[in-house]
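Presented below are the structures under discussion, each in the form of structure tokens.
Note that subunit A is present in both complexes that follow, paired respectively with subunit B and with subunit C.
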Partner chain A sequence: MGTLMGRMLLGEIAVKTEELTRVFRLRKREAREGRREILALDRVNLEVCWGELFGLLGPNGAGKTTLIKILATLLAPTSGRAWVAGADVVENPAEVRRHINMVCGGETSGYGLLTVEENLWMFAQFYGIPSREARRRIRELLSLVGMADRASTKVYHLSSGMRQKMNIVRGFLTDPKILFLDEPTLGLDVQTARTIRDFVRQWLLDHPDRTILLTTHYMHEADELCQRVAIIDRGRILACAPPAELKKALQRDVVFRLYVEGIADAKNLLDGMKGVRALAQHMEEGRLSVDLILSEEEALVSVLSRLHAAGARLAELKKEEPTLEDVFLSLVGRKLSEESP
Partner chain B sequence: MTNPGWKTFLRTVLGRAYPRFIGVWREKSWLFFDVFLPLLQVSAYVYIYRAIGAPLEFSGFAVLGGAMIAYWMNVLWSMASQLYWEKETGNLQLYLIAPTSRMAILLGMALGGLTATTVRAAGVILVGTLLFRVPLQVADGALFFGVFLLTLISLYGLGMLLSSVFLLWGREAWHLSQLFMEPVYLFSGFYFPVRALGFWVAAVASLIPITLGLDAMRQLLYPQLMEKFRFLSVEVELGILAFLAVLFLFLSREGLRFFEDLARREGRLTLRGQ
Partner chain C sequence: MRRLFEAWHGFKAGTWLGWQIESNWTEPFLFAIYSVIKPVAGVLILVFMYLLVAKGGLENPLFPQAFLGTTFYLYVVNVLSGISWTVIDDREHYGMLKYVYMAPMHLYGYLLGRGMAKTAVATISVLITLAFGLAFLKVRLSLVNPGLFTAALILGLAALAFYGILLAGVSLLIARHGWVVGDVVAGGLYLLCGTAFPLSLLPLPFRALGLWLPPTYWFEALRRTLLGQGLHAELSPFSDSTLLLILAGATFLGMALSLWIFRVAERIAVRRGLLDMQTMY
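Let's turn to the complex of A and B:
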């Protein structure tokens, strides 16, 4: 504790959680498999430094949004503690709010009747930004996301991609020290997602002392943007390191992708075999594509013979460099299946 | 609590009021319906009063009531259940993470709604007096305006209180508003002096500030006629209205704090998965 407080006072740590836990109680009719409680966060310990772009990577229901909501003072933890910009989120939420902002994917905030500029101006007022300064920043940020000509378009006329770019502008408009981005590119087209990612990266280059905590279930978004990534599943942090390091940890393992014909399921066949660390499969153009992580290359021989014995024909076999997706597979035991923009 | 400062407070009030100011001008069709529909109701009463040979002032009661109904509707639909809608659209969480006062947000909503509704109420009065030629003259304009203002302050205070109470109950709040709407038309005496319902009904109905406000305004408009029908004296009604205004504003601040904390613990400040 002493050293932690010291580091927070010295100003190295922007966000810190200690054994942070959140349990949701469900109503009777909401009970899942007979359980009335959901452990959304399970003793999460995290430290995010100033200047960092930190990623939380996890599948649906992992607890990403729950964590962001607690840090943004919108949700109380069940136990454990969290600090944002040195302030305790439970004891001093007003201080936390002075330093943060938040943008979520698929957000429909604002008022359709207002123009883009009016909407952004309104939110700036809640931060006490003088109107003239607000307008200047709005123009500047809108042009950075390629929406300079949309300032006087009414919000209900915007496409969802445009709308999300406006939301991104809203988040950066108040010049937050710490910005929470909860799946900011969710459901967007490739082009818009790229614009947003480029914008985020550039902003952090221009403001090196600021901090962004980003959640995503797009593997390559985390890989491309984040300096460090925490992999979260079922409320627990399974690993936390720079993407390159996470991948290096797998280097001892070998990653194969193989395509087989003639069988529809390899998982039951191969799971639990000696040397097979993890495996994921899906059908692709009539063939079964199998991602295989082996702890030793020799295991491949027995894998192939078992497949052969089950009547499978090998169509293609590739040895690959581990990706973040493979890291995820080996930690979580399944793949993040969503397509990424 | 760090105090965000009065400048941010004012900016917040105006910022949140802005969409409502603008709404009046951007959606002119709303204005038509907001004036036209209450007038339909008003004219029904006006024709009944005429048919039974009631004094012309009674039609004046109905026109004034029709104008005040616009405020009551606004308080129900755009104040009481508003935080529920703001939660649905995702605005609420953005208001709550901003370093500003929640009361400023509520006040902004009230101020914006009040201003926009005044345009509609003025429309009802204008068209109503022209159409039905009802006499609307006040001897003491300043006092009349004071009563009117105090009525609105306590009415919107009630709206702010309801909105903080309704924060926790999403859709139920909507139904509650619906439940409140019609009986209040009757018990607050929108179309006739509330005294007609008897003292005790009037007393309970006085919890809705419009009841006393209407009664006092009618007394100031038609002093002779209202001598027979008045509920309480104007002075007493003013005093009660002032008390209600302070009470509602105070309760809404406390209520908001209480329900916000409760919702934060229960995970109901935001929508799930948003």
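Let's turn to the complex of A and C:
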């Protein structure tokens, strides 16, 4: 603890969690498979440094939002502790709130009767930003996300993409020291998602002392934006390192993508075979696509033999560079797009 | 001191937002028409009830008492139910409660601000209703004691705001049907506080309950200052200053209770993760 406080005082650590655990208790009628408790976070230990864009990568239901909500003082942990900007989120939430802001994706929040500018100005007032300064920042930020001409539009007239851009502006408007972005591009079209990613990247370049904690289940988003990524599944952090390092750890393995015809399931055939570290499959245009991580390239021969013996025809075979998706597959045993069971 | 400034920011922004939401949902002209028609329609219901049921119709000496009670009851609906509804509305409809909550201001101050806006809207309705009563319903008002009237009005409104925040705390913990809380309480107050009829018409247990409720004393004080006499025989032994003292005590109690209950409710909501609950209501 002394060391932690020392590092926090020295200004190295922006966010820290220690054995952070959250259990949701369900009512009897909400019980899942007889269980009346859901372990959303399981003894999570994390350190995020100032100036870092840190990613939490995991499937839906992995515990990402629960973690963000605890750090944003919206939810109390069941056990363990968390500090944000040096303040304990449970003991001193008011101090935490002075340094943070949050943007969530995939929701339609906002006061629809107000214009974009009014919504944003009002939020600036919540943070005590002088009116003139607030209006200057609003103009500047709206222009950066390509919404300068929408300042006077009522929010209920905005598309979901526009509304999300406005929410992004709301998050950055208060110039937070630490910003939580919870799936900020969820459900957005490619162009809008790219605009938001570019904006986030540029903001951090312009404000190198600020910290962003980003949750996403888009592997390429984490890969493109984050300096470090923690892979989370079923409430547990499975790995935490820069994306390149995570992928490098897989480079001693071999990653193949196979397209086969004539069979509908390769998982049962190949699971447990010598040399097969992990695999995931899905149907794609009538063919079975199989992502395969092998501990040695030689194992491919026996894989192909077994597929052939089962009546499968190999339509295409690609050797691929490891991605974060493969890292996740290797750690968890299923793909990122599959929800946490 | 810093917390006070933050609460002030919340109060100011809450007031501004509340006014925008209350007044900005249509064109100014339509809003003006609505502001006139709604309270007048409300009072006309009372008028027709009296014409049909009460002997003497509008000449019945009870009518001005009922008229005044019903008019000031508009504050109960708008302020008390309105503040508790704000929590549900911000959380479930606008999806903004979590962002409001995590801003560096106190939610309590923000809700007081929203209550202030609702008070302003209710004041417009009350003034229009009073003007309608004076012009068309032969109601005669005379401000007997301006000091007592002002003090009673302010204390009563403050009490309504505090009790509204207390209900907002309860609403924080209720998912479905949360909106019912404010309506049920407001409806109960209409019945139990002698809004439109004397308390003596109520069965004894309800009458006793009515005497424990602050709006009973508030309506009585307003009647005494605007009509020259009160409605309830049960309160006639109390002097004006005693009534005011009871009202002040109830307001202070409301403030203390609302601060305490809201704080407890807030903690429970954070523990259970209810601040961003969406139940599609």
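Note that the second predicted complex is superposed on the first by the 337 of 341 C-alpha atoms of A that agree within 3 Å, B and C clash if a C-alpha of one lies under 4 Å from a C-alpha of the other, contacts with A are read in each partner's own complex, and residues count from 1 in each chain.
Rule of thumb we're sticking to: a residue touches a chain if its C-beta (ideal position, glycine included) is under 8 Å from a C-beta of that chain, and two chains touch if they have at least 3 such contacts.
Everything numeric here is computed off the predicted structure, so don't read it as measured data.
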Task: Superposed partners subunit B and subunit C on subunit A - clash or fit - done: clash
Open item on the list: Looking only at contacts as defined up top, I'd like to know whether subunit B or subunit C touches more of subunit A.
Closed with: B
Open item on the list: According to the stated criteria, A:T108 is in contact with first (subunit B), second (subunit C), both, or neither; which is it?
Closed with: both
Open item on the list: For A:D291, using the defined touch cut-off, is the partner it touches subunit B, subunit C, both, or neither? Pick first, second, both or neither.
Closed with: neither
TODO: Using the touch definition from the top, say if A:M122 reaches subunit B (first), subunit C (second), both or neither.
DONE: both
Open item on the list: Just to be sure I read the superposition right, which of the two partners does A:R98 touch: subunit B = first, subunit C = second, or both, or neither?
Closed with: both
Open item on the list: With both complexes superposed on chain A, which partner does A:D223 reach: first (subunit B), second (subunit C), both or neither?
Closed with: neither
TODO: Indicate the residue numbers of subunit A shared between its subunit B interface and its subunit C interface, in ascending order.
DONE: 24, 69, 72-76, 94, 97-98, 100-102, 107-111, 113-114, 118, 122-123, 125-128, 170
Open item on the list: Considering only the defined contacts, which subunit A positions touch subunit C in the complex?
Closed with: 24, 69, 72-76, 94, 97-98, 100-102, 107-114, 118, 122-123, 125-128, 170
Open item on the list: Applying the document's contact rule, which stretches of subunit A touch subunit B when the two form their complex?
Closed with: 22, 24-25, 65, 69, 72-76, 94-95, 97-98, 100-102, 104, 106-111, 113-114, 118, 121-129, 170
TODO: Please give the residue numbers of subunit B that touch subunit A in the complex, ascending.
DONE: 1-2, 4-5, 7-8, 11-12, 14-16, 18-19, 22-23, 26-27, 89-91, 93-100, 105, 264-267, 269-270, 273-274
Open item on the list: Applying the document's contact rule, which stretches of subunit C touch subunit A when the two form their complex?
Closed with: 3, 5-6, 9-10, 12-13, 16-17, 20-21, 24-25, 94-96, 98-105, 110, 270-271, 273, 275-276
